[in-house]
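Each remark here refers to the structure printed beneath this line.
A, B, C, D and E label the chains in the order they appear, each numbered from 1.
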Amino acid sequence: MSVWEYANPRRFMAVSARLLPWVAGAAALLCAAGLTWGLFFTPEDFRMGHSVKIIYIHVPSAFVAINAWFMMLVASLIWLVRRHHVSALAARAAAPIGLVMTLVALLTGAIWGKPMWGTYWAWDPRLTAFLILGLFYLGYIALWSAIEAQDAAADLTSILCLVGTVFAVLSRYAAQFWNQGLHQGASLSLDAEENISDVFWQPLVLSIAGFTLLFLALVLLRTRTEIRRRRLHSLSLKARLA
Amino acid sequence: MPERPDGFKGIPWYADDPLPHPDALRIKDGMDRVVSELTCCRGEAIVLEGVSFALRGGRALVLRGPNGAGKTTLLRTLAGLTPPVSGAMPDPEGAAYAGHADGLKAQLTVAENLAFWAAIFGTGPAEVEGAIRGFDLAPLRERRAAELSAGQKRRAGLARLLVTGRDLWLLDEPTVSLDRTAVNRFACVMRGHLDAGGAAILATHIDLGIEADELDVAAFAAKREATLRDPFAEAVE
Amino acid sequence: MSALLLRDLRLAVRAGGGFGLGLVFFLILATLVPLAVGPRPDLLAPVAPGILWLGALLACLLSLDRIFALDAEDGSLDLLATAPLPLAGVATTKALAHWVTTGLPLALAAGPLSLLLFLPPGALPWLLLALLLGTPALSWLGTFGAALTVGLRRGSLLLSLLVLPLYIPTLVFGAEVVRRGAAGLPVATPLALLAAITLGCVALLPFATAAALRVNLR
Amino acid sequence: MSALLLRDLRLAVRAGGGFGLGLVFFLILATLVPLAVGPRPDLLAPVAPGILWLGALLACLLSLDRIFALDAEDGSLDLLATAPLPLAGVATTKALAHWVTTGLPLALAAGPLSLLLFLPPGALPWLLLALLLGTPALSWLGTFGAALTVGLRRGSLLLSLLVLPLYIPTLVFGAEVVRRGAAGLPVATPLALLAAITLGCVALLPFATAAALRVNLR
Amino acid sequence: MPERPDGFKGIPWYADDPLPHPDALRIKDGMDRVVSELTCCRGEAIVLEGVSFALRGGRALVLRGPNGAGKTTLLRTLAGLTPPVSGAMPDPEGAAYAGHADGLKAQLTVAENLAFWAAIFGTGPAEVEGAIRGFDLAPLRERRAAELSAGQKRRAGLARLLVTGRDLWLLDEPTVSLDRTAVNRFACVMRGHLDAGGAAILATHIDLGIEADELDVAAFAAKREATLRDPFAEAVE
């Protein structure tokens, strides 16, 4: 049996219904484990004090926010090439989750920024690229909701997702280039894992895995919702046209 | 290409050629243009099912049917603007479409408008002059399209057909707003087009005074239960 | 193709000052910024390159809805789609016409206007060059956005939401060229990146635009 | 009158996110400015009040062409003109609908966005107040401009040329309120002037708008 | 008011009331509506001169004339949209105009569109229901206007007339796109309106099957030398 069989709507509904509790359960378990471990059983950082604990929400949400876009890209490509409706709706379902994750990362970052950098916001290249990603999410969602005909909306948003990906990546490089060009002092953001000792690292990996599963569960759930919404759309259209 | 699970067999959107349909039929003049088992949709609704007819070169076909029967839908499909859901139809490359909007630019004169379409369709000044003569547009040739009355505008829009040099005309209510003289002129031009081996499909509610076959579109109305492409009909009850 | 270009240019002129309007908008914006920000040269000079680029970008944005919407309304777009032109060619021509009526005059006029914002004279050639290199990308991206929203009536706000994020790399590199030029730093890298973006847009975007148009004609 | 207002609001919602779009545009602009100008807080903070006001103004501008053009196209404007409503009432209603969908959400959302431009927190209440007081003037002036250009197809660039100069006093006083608020100076005078402009616009402009509409219907 | 040098005696543009014409005639139902010596312009051109006729309540008047004769121009003038250059005409306050554009919002349903116009013209749900019955719109009432065919849209546009509650109807080619059934329905509604003492002026090229007076607009065509208001004709030769 080909893997595409799972894109058959009925099959998808059946399989996702069975899968959802397991994924959701695993997500809850991992998140709870990672967060409790991180928040309560790690030492305070000698530089950042208590505020280091926000990392267990900040980094996973940022990670998910970025990867949600790539999931949308893949789903859009599948829709364009093979025209599986479930795929189009999965992309649509992922967008608001990605946006919320972006917001969570921005907010936790801002809250963290206050004690660390003395400001809620700085035009650090990484933060900037992240904000731009948020803008792409907004445009994508706005286009979906502006177009009445569902297949046309799926086509157009998929094209936008393709083009948008290229420009989101370009923007990331542009942002790095832009800030470097100003000879501002060293980048404020903590760089890479080597700064973080294992004590912080292990629970972090755990909560990243938890957030990823959470994203998966939410996408499944929202795709199911989108499928029902689409069906509702069809039914009300049918009622109107009858 | 594997069979698509959701039953959608339409044209992929990304095809640049409007209708690279595997069984598209490109038929030479004087031969039949065959439309068979065509299913047409409008917006998200399926409007017509199983449309089949043949059109001989040199003949006109009048689409009949009450308001909302699907005449416009069929014409837009045949023109290659809306991809058909399924079925075979002649290659729209050979067709010229004239709908409710005339495609005239308000700021350009009638002559400029026609010359533009001539350039786009690769014909020349001779065709433009022919079109102006055919629809008696000489007194209006230097008028901006914005300064035309409804019927004059429609005449200029129809003149565009002669400028395309195509041999299948798809006309959606061509005589709207035309007075009696202009309708006669249009019938004349149409007869000339048919005599030269061209063909035409027209949707109209009134009698044009040209000999033509008729097709009642209402006979192909999609069944109630099939009016929508609903990929999730089975998945969610 | 050239017929379409000529018609679009002629329409821009007939509809009332097609070429000039973008410029005047640019001029007004260059006037408004000192009014909004305060007239101090020490405040304005450092932000001048960025503001000039932003002005160019907004002038482009405001003229985008003309690209396809009028043609869609009067039926020309249907007819163009059934004409023997490839739709990607139509997209390219439309973008070119937009650039000639908006981007090009903007690039040429940015010099005098930069005086209003106290841009250092040394940066002037770089401003000109950057705008000449970068504005085509704005037009081609804008045409893409216009094709996405052509089915929606009067979607100019939505259009700007879709297009502005796409403009970011061009804006960043373009402004960077001017800023570096003003500071006497080397400009080769951002200039090359700007050119690369423009080339990529001109070469590839028309296909995406054509695809979007075809969906919207359905 | 309330029927017209309700219809316009309903159309704004049905046409897809009428209320939110202006906000997102504002957000994008607040992102673009640092990208264009450079990321230094010392550069951004002094220009923040002006840029925030400019953003509000441009978000207004981009939604102006919706006000009358759609009604003119589908014939509703002809019918409204022959209806038993005074045309000045129609103008007022249209301006009000525009303000509710654009100006009001903008004013409410400006607070969080001002963080991006390093506006001093002390200036926040003043920003909110100034925008609440000033944005109605923007909507009423914009409606007037839209009425002037309703006969022209797709005149959004021309429209902005007509309207932007009219926006200048509002912009100047509005930005001044915020700047003074940020510096802890007294703000009573510019605030009073801002309020006076808005009141004048709301009271008098609908008549000019109605006159312009009547000419354009001819 | 001093005589204007250029002979323009129209309505000052700044008047809010569309037609505070000194000799405007507001005439009660059943009485004649008199149009006398009306000169009408379109854009900058004078199209009709000396139009005079009387219209009895309960009667319809059909405007005839070839394309470009000035039917639309006359109707727009009578509706108060274009001020007349000179002459007397009834107060447009009592008239409902229906032109080529239907005034329907694509995103609203048929019922919502009609309810909106009812609210604007100060009538109520009773009129909306009457209009929906009159034009057989019940099956379409929950459809968005964007999802209607040309003829269905036109029917909804005409239904608006019933909702205005006005007694003089000014109709510019009302039956465009309508099929035979719909034309008959329209004729029925029109007869009802006339029997109730209303009046109507229609421009049309086809026969509607209602008893009506006719007026040939071409008879009032402006003389060649008067087709333009040119205030500087004498000042600059």
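By our rule, a contact is a pair of C-beta atoms (placed from the backbone, for glycine too) under 8 Å apart; a residue touches a chain by one contact, two chains touch by 3 or more.
If you're wondering where the values come from, they're calculated on a predicted model, not measured in any experiment.
Common neighbours of subunit C and subunit E, by the contact definition above: A, B, D. Summed over C-beta pairs in contact, the chain pair with the top total is C-D.
Averaged C-alpha coordinates give centres for subunit D and subunit E that are 36 Å from one another. Centre-to-centre separation of subunit B and subunit D, using mean CA positions: 44 Å.
With centres taken as mean Cα positions, subunit B sits 47 Å from subunit A. Centroids of subunit A and subunit C (each the mean of its C-alpha atoms) stand 31 Å apart. In subunit D, the residues that reach two or more other chains under the touch definition are 15-17, 21, 24, 28, 31, 35, 38, 73, 153. Across the assembly, subunit A contributes residues 132, 135, 138-139, 142, 146-147, 149, 155, 174-175, 178, 241-242 that each touch 2 or more other chains. Of all residues in subunit E, those that touch two or more other chains are 100, 106, 146-147. Taken together, the chains touch in the following pairs: A-B, A-C, A-D, A-E, B-C, B-E, C-D, D-E.
In the complex of the two chains, the subunit B residues touching subunit E come out as 43, 45, 65-69, 72, 100, 146-152, 155, 173, 176-182, 205-206.
Subunit E meets subunit D in the complex at residues 13-16, 18, 79-83, 92-93, 95-97, 99-108, 112, 116-117, 119-122, 160, 164.
The touching residues of subunit C, when paired with subunit B in their complex, are 2-4, 7, 10-11, 14-15, 73-76, 78-88, 207, 210-211, 214-215, 217-218. The part of subunit A that touches subunit D in the complex is made up of residues 110, 119-124, 128, 131-132, 135, 138-139, 142, 145-147, 174-175, 178-179, 182, 184.
Subunit B makes touch with subunit A in their complex at residues 2, 4-6, 8, 12-14, 43-45, 224, 227-236.
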